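Note that subunit A is present in both complexes that follow, paired respectively with subunit B and with subunit C.
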Partner chain A sequence: MSQLTIDDAIAAFVACEPGDEAARRRLRERCWVLVSNKQLDAQARTALADAVAVLDEPARFKGELEAAAMEEVRRHLEIAVDRVECGASAMSEPEPTAAPAAAPVAAAAPAEAPATLTIPADADRALIEDFLAEAREYLETAEAALLQLESNPGDAEAINDVFRAFHTIKGTSSFLGLEAVAGFAHHAEDMLDRVRGAELAFAGVVPDLALRAVDVLKVLIAAVPAALAGGAPALPAEYAALGLALSNPEQHGAAAAAVRPEVAAIEEAPSVPIIGRTAEHVVPGAPSAGAAAHAAPTADPLVKVRTDKLDRLVEMVGELVIAEAILMQDAVVRDAANHGLAQKVRHADKIVRELQDLSLGLRMVPLKGAITKLQRVVRDLAARSGKQIAFEVSGEETEVDRTLVDLLADPLLHMVRNAVDHGIEPPSERLKAGKPAMGTVRLEAMQAGDRVLVKLHDDGRGLQREKILRKAIEKGIIQSGDTMSDAEVFELIWAPGFSTAEAVTEVSGRGVGMDVVRRNLTAMRGRTVIASTPGQGSTFTIELPLTLAITDGMLVRVGAERFIVPTARIQRCFRPEPSAVHTVQGRGEMVHTGGEVLPLFRLHRALRVVGAQEAITDGILMVVGDGDRRVAILVDELLGQQQVVAKPLGEAVGRVRGLTGGAILGDGRVGLILDVDELVEAHRSRGTGAETAEAAA
Partner chain B sequence: MRFLVVDDSATMRRIIVNSLDRVGYPDVVEADDGQTALAKFAEGGISFIITDWNMPNMSGLDFARAVRARADGAAVPILMVTTRSAREDILAAVDAGVNNYVLKPFTPPVLKEKIDAVLSVGAAA
Partner chain C sequence: MTAPASPSARSLAGKYLTFVLAGEEYAFEILSVHEIIGILAVTPVPHSHPAIRGVINLRGKVIPIVDLRIRFGMPASDAPETSIVVLNVKGLLVGIAVDAVSEVRMMSDAEIEPPPAFGTDVDASCLLGVAKGDGKVRMLLDAERVLSLEAIRSAL
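Entry: the complex of A and B
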């Protein structure tokens, strides 16, 4: 048996001249083979493993450090030789406590810290872009795991998730020459490794340090595109201090915790240049396919696609649907005497519908991404205000159009902030009110038909009517609230000027007020509903369409104009009896239908269309809206249902109250899409004054 | 010679595959976790495994043990890719049946050196 012996290792050691890396690698390989030899004395193998560990640390052999490192290798080899030579005689001796394990870290730490993020000239750009997308995913996972650890600090799998994120980012970024990223991730990894090894408790400053490490890595990752573009972005201010704290949380941790950064760091995304942005989630399958409960890597191969390409695809499919609709409505095709042609067209139609469903599904992503961020917001806000809050989430796998996920971020942030700051009471107040000290904020997402509902419920004190009214009067939004219903009062919080941008900036990092948030939602055909019970809490509901790309619309005629009303907003249509319409003093025209009384809304008057039906019995009434906000809208004629691709009206026209956009109709002309809620709102806010004038006239 | 590369990070897999290609091993099968890798190994034809250490669901060590537990997996060389080499890690890797490991970041020549080292030890034994 020509097996390698310890003498071979010694020979290799002796052959190591200073700076001879190849010789050192040979020594390392020989030691390794000996470690692998299970016939060798266990303690000798341990000592040889120590030698391998030192030899595997290239940083320890740089320049003057080499001599000390080689000396340490020599000591380990000596122990191994001793063990092998005295054989079994000293079997149960305590393990040699050679050089303390902390030495390598200490040696690596003071390495000159970089000041900027740079990328080597020969970097593989495509690979780096892949890495960025991947790193973001790992960090999201790590953040979610960290938040889970808050409630269950012993969750080993969660600790592993966090460790793995740091570990993988460190490993991959070191390949790509992203030294600043690799170096920082290394510190974070070291701390998590100690947590994993039960050497450091996941308590005290540790969770906080880990979360901040995730933040710093996010900022670093976000800065890479700028470095790729040739810049040298500065490292985050926290970089050096946090790195130090991570490598020694016991000493530096407490001091670092004293300078807690503001929560503003959460929303890092807007500052990222959009160059080369890749899809963050790519979900295969139809929108209805519920994603797997756990985000484990699937066996199905995935392809990452740039979002702009995806958007373009969906847009083109939208156009195809319209073009096909135009074709289908062409008189030649519609009244085809040619049976063969009709059959072929039907077949093409079927394929187009399927393609449409498929392409929309491509852009559907789970809400999870938007929700994970909120957990962090709740945590930080609660900690700052001294409140105890449990944040419960359900339905985060609900899928919506990607563009809507981005859109939801701001409103959700406002709602959550509102719930934590104004909804949930401090523990003492809660106990006094007979509630548990810990408040609950519950976020529920669900799909209802072609709409998505996101509800945020808190079990706090509820919206305070008087307080809102006082503020609204103070800000000059209303004169008096005596005649307002609760729902109307709650609506005031969305009014321009009610919430100041400054108050909001703190959380969102952007000066966006509630009114802007509301307007953005409305532009995307979303709605908000507020329900609140004093002492028991509030529920904010956001309702959004599943997708923005295509709207099912009812084409209606008013005079010579044609409009599209989103089908989802229409409850029913009917032709009223002349006796059904009354003018009620102070409330304008009302119409009786099916045992209820609804306000009558003449569309042609609101939109100033001439030549439309005045006689209500010659037109059609559409019941739109919901709850106590329903109205009956008078139009001349229903022309039929049609799917349309909604397009903004364009810069020149700007935003028009009551219209969400335009669409190309079957005959190639443009139809305007009505914003039912806004019309109803306008009708109501014209209020009693206008209507009494009308009634008097 | 067909390689099986196991890593949950797609970027890492690409780096390893590129490196292998550059040192003359273009025949590579990839897997993103241990279970998938086991299935691919069971299909046969794999003569060298390169696996990541820290992976979700099944660690590289567990994967190595699972390979060694198979009748056809006792002899296949396993090279572990890792960023850590403390004494405990080294011993754990040996116990799991790993033939050698390579530290990140490595250059293609270093990877080749490791592969050669593993193959020569195997040939000597």
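Entry: the complex of A and C
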């Protein structure tokens, strides 16, 4: 690539005819490229930046004003040319643009450094992508710390931050086979290590070198995706020279001509970016003088936003959706006479829906983050227990609410651990059972309606009923398991005290028991289902809502009160025949429906609402729950479906069993959202005896 | 009991919002008052504490309403409540239904006396002091104590 010289800028200037906007743009572009050429004399660059600033004000080039403006540009260019020439003669270098000190360095560089960024063929793409995100964060931290150090050079914590960034990037990139990144980070780390050890003062050229190292690493990191896609992006121009400078800053400082101007550029810098910013046509994210212009085109397209702000935004959009729904239902809008108004409201409705989709999408992240780490866990655990296990993953791109990804990490770890430790048999045992020696653990994630399913399947021996029962009795969780169904026995592994926290700590470093994991999942409206076939393996399923922000709810009336039942939990609703209800001795009221018998659950009793329907034929029954935990819930009336934003009831109210929160209803009042499963559970644990006693009272 | 001593250590003079509850005048420091709204329909929360009357919608936020009568163990009354005083206690918003909001009044140190140990309906630990002036007695409430969850639970 031939490099632009100041002569090119002069040529472009000469080519500028009055009124020729395109030519002016070309001139501006060339000046701008030169401004970012760090090999140029600092004052020359400042002068060029001044020229750019003038060129960036279109108002100054209108009609007769143009001549004066061009004259000013010319003056700046003249200064630049003078500076370049005198700098060149001082260095006794004939070529003004040849980097004075960088040239010999560059000549020495190729021996040590690669010329392009390459990625080994067997690289783990997922891990590299994770690394990229991590590296960007580290670099940002490092940059912030460096800037802080400029005002407070003694800040040991900040120096540590910078060191840690370089150190981590070096370690991880080396592990991932990104030699070009690792090599460079290594030099930077070395220098910071010396600063840390008080061997090198954080002064003179050092802060600048460190900042430039951050810039180069940013460029390298930004180039990795291109390399992943099969390309071989060139390394940044500064790569080799800066690497050498970092590994030997003193010597570099001695060759002052190369580095001092850079420092000067930083110190004088305010004039450059400030002018740049007042002109609105400057490259977006105009680099600070310390950050070379090459950082601008590759600037990170991500914006960091505080999660609470994001959550608030999503919440407010949720409110907007509801407010808008209320508006849509307003009699004035629905009145056929107001055709024009209805049309406008419908238009607004479309926009609101789109906004809703967008805002919900903001919080959605792929499950990948939670899943990738498991690969390593399976590998390590398998190696330790002498098992052969293939770990298959599908659907890792499934997106869920951000908070749910964090929440999934622990349960997944438990499940994987359980599958590897207890599920998959040792190779000899597998061969004896006629299975391949290599066991398979398969993790599948998928979206099903407004829920996300994560299934972990292993082809091992399956859950052993007897073993679980023995352990549960041993731990005093149950007395005897004779009457328990398989499903009930499997549920025991979630019981408090069944899995010990120590077992978890070993892998995750966090002592969280299965019961806590389960509780966390339930709090987020998640569920777990275990299926197992002896000798063939077991499947653990975690089911989670796609998003926590908005719930589709059925508004029901009980007496004078209204409640919201999440629609996803309702299987069907029906008005019962009087003959369908029976009282079964010891089991309370039961309802016959569609060939099955379900327990009857009177919502108003559980919620202590007065004035509700007692006669079930006057009310509606809703079938909720799953499997053998299904019940028919009696409510007075179904008022219709509504999307609601679930909100906490607040600390003062505390956690009330059977309620997940409140939501603003169409009339502005608060409706309570029912957690049907928990309600039924609470009702069951209180016992049907109490229910009948209450009924008799 | 040393608790009442600590509030008296600082000057209690300042602006207070006064209101009527069961025929008595009470006041909260104006700084702890977030806003005053007209009475709204309250949604009762089953199985919650008796002193929690329920929750309301404050412009999209769900906030609890504390029943001061029950909190202080006063008898129920027929006097219609007209307003809700929303208090901000350590960043948490809590509403209190009151019979009527009276005024914002400047109270001077001279007017304020330490809370009497007995003789009031109100648990003395919830009182900052008693202000006398204008021919009236106003009880200055400590919003934090009144709405502290532990205190509510132990009061009943």
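We adopt the following convention: the second predicted complex is superposed on the first by the 349 of 697 C-alpha atoms of A that agree within 3 Å, B and C clash if a C-alpha of one lies under 4 Å from a C-alpha of the other, contacts with A are read in each partner's own complex, and residues count from 1 in each chain.
We adopt the following convention: a residue touches a chain if its C-beta (ideal position, glycine included) is under 8 Å from a C-beta of that chain, and two chains touch if they have at least 3 such contacts.
Small disclaimer: the values here were computed from a predicted structure and weren't measured.
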Using the touch definition from the top, say if A:L672 reaches subunit B (first), subunit C (second), both or neither. second
After superposition on the shared chain, which partner residues are touched by A:R608: those of subunit B (first), subunit C (second), both, or neither? second
Once the structures are superposed on A, label A:V33 by its partner contacts, choosing first (subunit B), second (subunit C), both or neither. first
Contact-wise, after the overlay, does A:P578 reach subunit B, subunit C, both or neither (first, second, both, neither)? neither
Does subunit A have more residues touched by subunit B or by subunit C? B
Once the structures are superposed on A, label A:K170 by its partner contacts, choosing first (subunit B), second (subunit C), both or neither. first
Which of subunit B and subunit C A:G434 touches, first, second, both or neither: neither
Where on subunit A does subunit C make contact in their complex? 315-316, 319, 561, 606-609, 647-654, 656-659, 661-664, 668-672
Residues on subunit A engaged by subunit B in the complex (per definition of touch): 2, 25, 29, 32-33, 35-36, 38, 45-46, 49-50, 52-53, 56-58, 101, 127, 130-131, 134, 160-161, 163-164, 167-168, 170-172, 174-175, 189, 193, 296-297, 299
Listed in rising order, the residues of subunit B that touch subunit A in the complex are 8-12, 14-15, 32-33, 35-36, 54-57, 81, 83-87, 89-91, 94, 99-100, 103-105, 113, 117, 121, 124
Which bits of subunit C are touching subunit A when the two form their complex? 40-41, 43-49, 52, 54-57, 60-64, 66, 92-94, 147, 149
